[in-house]
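The first chain written gets the first letter, and so on, giving A, B, C, D and E; residue counts start at 1 in each chain.
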């Protein structure tokens, strides 16, 4: 239907510059890597394990924290209260906290003496140096992206439709799951993808919580320190390729949902 | 109108847990800092300068790159083309690239031997170790947040309204500025805030491009390394407070716009 | 002074030199108005990588282990190296650490091995402090005559290994760990408690160089999968000026300043006493003005 | 069954004041009012989407003014349809049935029954994004009807439908009402009120200005607004003198046959019984006036002509008469009507 | 002026085939069709929102089928209003004027003029989010009219308005048309077609099944659908025999007075001229049938009664007759009508 795009040409130019800006540094990295290096690297068990660990930890962080973050977003989108502005500001804070400061702050939160640390200890779980701790650090720095996207999504759902559903006799919970959530889903999915992506890249906060087991950003750092760019670069490239494939898939999943709507 | 909120109680509980998760680490940090330290720190010119530099660099990065990123988002929201999935995936990549890898990639992009570096040199500008370089590093890691938010925003603007405006004789550019942009503004603003915020916290990529002049995350890192937590913490706290004030203001600005709509 | 208004001097240095170098910078800038000394702190190897791999501009590089300069920078990026300061390994803790009141040179290994005690150390592959920790555990095994002690220490609490010494401090200050193996100078600069170890263990005394050499460990080599062996050696900081230094004149001036009496005092106060003039394998390449701080090996 | 007591609300410039309304079980109550008069607001107050500033809503003797939306037992069909955009037509209709402990077979048959009734079985598997206005309206209606509420609020439920569908759905609504559902139906179309309701209320400028049995209201409009609005033209207030004369607005005197000895009242002159001609007619008609044609409005098979004789009269004539006499706007004509063409409402 | 040649489009299950339409300058063309028949789709093809699969759209001799929306010189008022939600009423109306090189004084006065005409001056400073349906419709109309397009496409522009407003706005549209604007108006309301158009086309099942001068189409509907849809009931195809008899559907024979020697044709029986009674009447009426009452539908001041006499007849009777005879659904009655009550369309 939209065969005659009405996007002005200058937009395509400006947009193209931005794409170029994103692509060029990566391209430089790719061009400096030989296929042989990539092949070698993608067989290196240390690399493979770290990529799995990274994906897995960020995925778990996203899923587990979404269980609370999505309701929080809904609440923030629907309810007005006195200090909402402050709460919204607080939600943005983890984005803005320098990563090592974030790591130190989280360390205080999960270390042995903390409430959470004690709970963990009692079941034999020490967050420090454990994938669970990695996931917590990832969640802390990335959760605002989910909350903000989901809140925007819920704000775009007409309250009227929710009220219609209530009027049809649905319980608030059913309304949430059958109306609000599906209608905000596009934004939420976008937020989930962003949270997941942001978690994958975290270095500064994670390294303070857990150096081992080694997530890929730390592995790259380590390889860079120990063996130099030549050995760090292929790991980055492999990681980026894996992520790109992931995101293209996730985004097309998101798009599919949308097109079935129409 | 919305006086009877219909948010289920369990949502408030789950949401509360998430808020607690965000607040607790920060609170720990705040409680460990005395007002006297804060006062001292907020007078320290090195701290003040670095906070200004950080805010300024991230602000400029956000504004300058928004000029291209917003058109790109509009284009991505409105046009269908063959490799759109890939382009969307590429847009997400900077989020996912480990920060030091990102820093290394950008260094290749702006260093003196690069095209951009040569352009810079010819006007006497060396991006490495320059606020412009800092801004570029910040922009690289944070631009996806703007693009994604703006794209979601534009996708929510009914194409029908744009077509109505075209039918009323408005040029595509006028339609963009009077219809699409204002209607997507809430999401775009949210994206701008996120981009700005994300830029503020960047450490890994910036430290590779420019250790000096020192942005606050690097200052915190340096203080921590040289003098320990006791000296790093107040800087973090001051920085966080400044950011919180900023975000509450920005968010309430966003809200105001919204309420004048009604 | 004849320096330009905006003259810049870029110095890459090991994290453990942050405090003394900051003081040097302040003094030096006072003496030389218009000069701006830009200090960039990172792990010693990282500092070298910034020069070798990232090709960043740098005037002076000061490493926590003179060997980093020898092995990574010579001969492509510089051709000389002055060993200029010493340090020693210590066990660092704070008041809240478990058994902080009891620890001494006789029982420290026993306390560290208790179940409710956690201690941290650096990664041997990325930080000299890391392999030095391994080495002193071997020296301790020898010294206290407890077979297998090194093995036991090195295998405990591996979740608290971090790439740099400063990362460990966060663990200590947040109460996550009780003790860590660290340079005495850092403890001193951070106002932390530390246990001074016997000279036979602490890698401080150049006179014990031959004894230290009996300890050895493997770390990763130049590429993944390879290994090289490092032997115990007295801890010695190295300093050099890069061939491509943008500001060679000023760099020489700053190195002179570090190694002058003012510098010596600052280093002393920070627990990193100067050891110049020291013997140098690269004596002939040292700039004339700096030759007085070194001795030619006979 | 449903009772509004003294409902008042202010929204920006707009307000409703002291609205009282009472529906008995089985009523088909139509609320008539112009566009923007607040009909939708009133329905939404009953459904709980808007809270009134004062007054109470009583359903089955229970005060539900501050009850939660989902606890009120009134079903509303919204003017803007509020069809769920992410669900198919079928899923929309299925929605209220899902919580009801019905077998999937029962659900299926209910869906088909009501799709049939609203004439949308061919749309069941369609998405709702591209439906036409009339299609959406029927989906919304089916979705509510399948829920079988005791009390049904309809906000202009037939507005987007063509004549034929409108007829079909009026029959459906009538049937549902006859089966016991109380209905409050809001519209600006008086024909809908006549076709469907047993009671009607007219709302104007924030107040209910007349209510009662539909026949009563249409036969005896309380004032000009109601008269005009309910499609009755030529409605005037008059003062009567003993000599069978009625004076309208102090301007025009007309002969009436019988005014029951009242002094003031309302009169209606049936437009169909007014004759117009180019010259003064000598006939049995007792009222003859000269006037000017203000406007000629064509309808199906006849025309409405507005003539100013001091007061504005609306006259209905056939197509032939119009073409025979070549009446034009602004031309002068004579009008005449018998005193029996006048209806007096005390 | 505006010409559609052979337009075809397929959207999912729905399709339009070979649509031809021609508007001359000054025409008020009404396109009549049921809900969901594709009226909106057709207008959006002309306005360029949708591209047809085949066929061309010609405006003033220029092929604009693939022209950009903003370059087509046709204005469209959408069925869903498409009022800009972030602008006030005034800003909405101002929108098309902003690009036009007018002084702010001229703009101001134009806005007020058209707000006046559409009866929304009191809303000018309001936001558009809370407007009622009828208010929105008028804003959309004012916004388009102020732009004074040569060719105007209206998608049910009066659907949400009450009778009075509808009347006012019909006058406005008529006036605009008389001032030279060509109008293509889409609706399902045949009265609107009668009241406004000079030409009309009826669209059904994806095709235009009849078009022409409004009078012609309404007088001579081409088939039953058109007849029904245009409000004419009792429309039948008949076969005539030489003895003045018409046979309908092979079932019922009726007497006609004159059939111009044709063999097949259409007949319309005016519902107002059919008499019903409880017993067989001896009268001058030549057609007398026994039938069963299927349905009684009340209208304003009269009733429509559907009677099955083999064919379904729609009869209009007054309220008094209904109450006098107590007709009920399912009761048996006699119908009679004179052969002059029958209109034959060759």
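Basically, a residue touches a chain if its C-beta (ideal position, glycine included) is under 8 Å from a C-beta of that chain, and two chains touch if they have at least 3 such contacts.
What you are looking at is a predicted structure, and each value in this text was computed from that prediction instead of being measured.
The greatest number of inter-chain C-beta pairs in contact is found between A-B.
Where chain A touches chain B, over half of the residue numbers in use are shared by the two copies, so each contributes mostly the same positions. Between chain B and chain D the centroid-to-centroid distance comes to 56 Å (mean Cα coordinates, whole Å).
Our note on geometry: chain A versus chain B, Cα centroid distance of 15 Å, whole angstroms.
For the pair chain B and chain C, the distance between C-alpha centroids works out to 37 Å.
Taking each chain's centre as the mean of its C-alpha atoms, chain C lies 91 Å from chain D.
Annotation for chain A: residues touching 2 or more other chains are 6, 100, 104, 108, 166, 172, 221, 224, 229. Those residues of chain E in touch with two or more other chains are numbered 48, 68-70, 80, 130.
Residue positions 54, 170, 173-174 of chain C each touch two or more of the other chains. Across the interface of their complex, chain C is touched by residues 44, 46, 100, 103-104, 107-108, 111-113, 126, 128-130, 207-208, 210-212, 218, 221-231 of chain A. Against chain B, in their complex, chain A makes its touches with residues 2, 5-8, 10-12, 14-19, 21-26, 28-29, 32, 65, 67-69, 71-76, 78-80, 85-102, 104-106, 108-109, 139-141, 143-145, 147-149, 152-153, 155-156, 159, 162, 166, 172-173, 175-176, 186-187, 190, 193-194, 197-198, 200-201, 203-204, 216-217, 220-221, 224, 229, 232-233, 236, 239-240, 243-245, 247-248, 251-252, 255.
Chain C makes touch with chain B in their complex at residues 15, 18-19, 22, 38, 40-41, 50, 54-57, 166, 169-170, 173-174, 189-192.
Listing the residues of chain D that touch chain A in their complex gives 47-49, 68-70, 72, 74-76, 78, 80, 82, 84-86, 95-96, 98-100, 127, 129-130, 143-144, 147. Chain D contributes residues 11-13, 33-36, 40, 79-80, 122, 126, 130-135, 156, 159-165, 167, 170-171, 188-191, 194-195, 218, 228-229, 231, 295, 297-300 to its touches with chain E in the complex.
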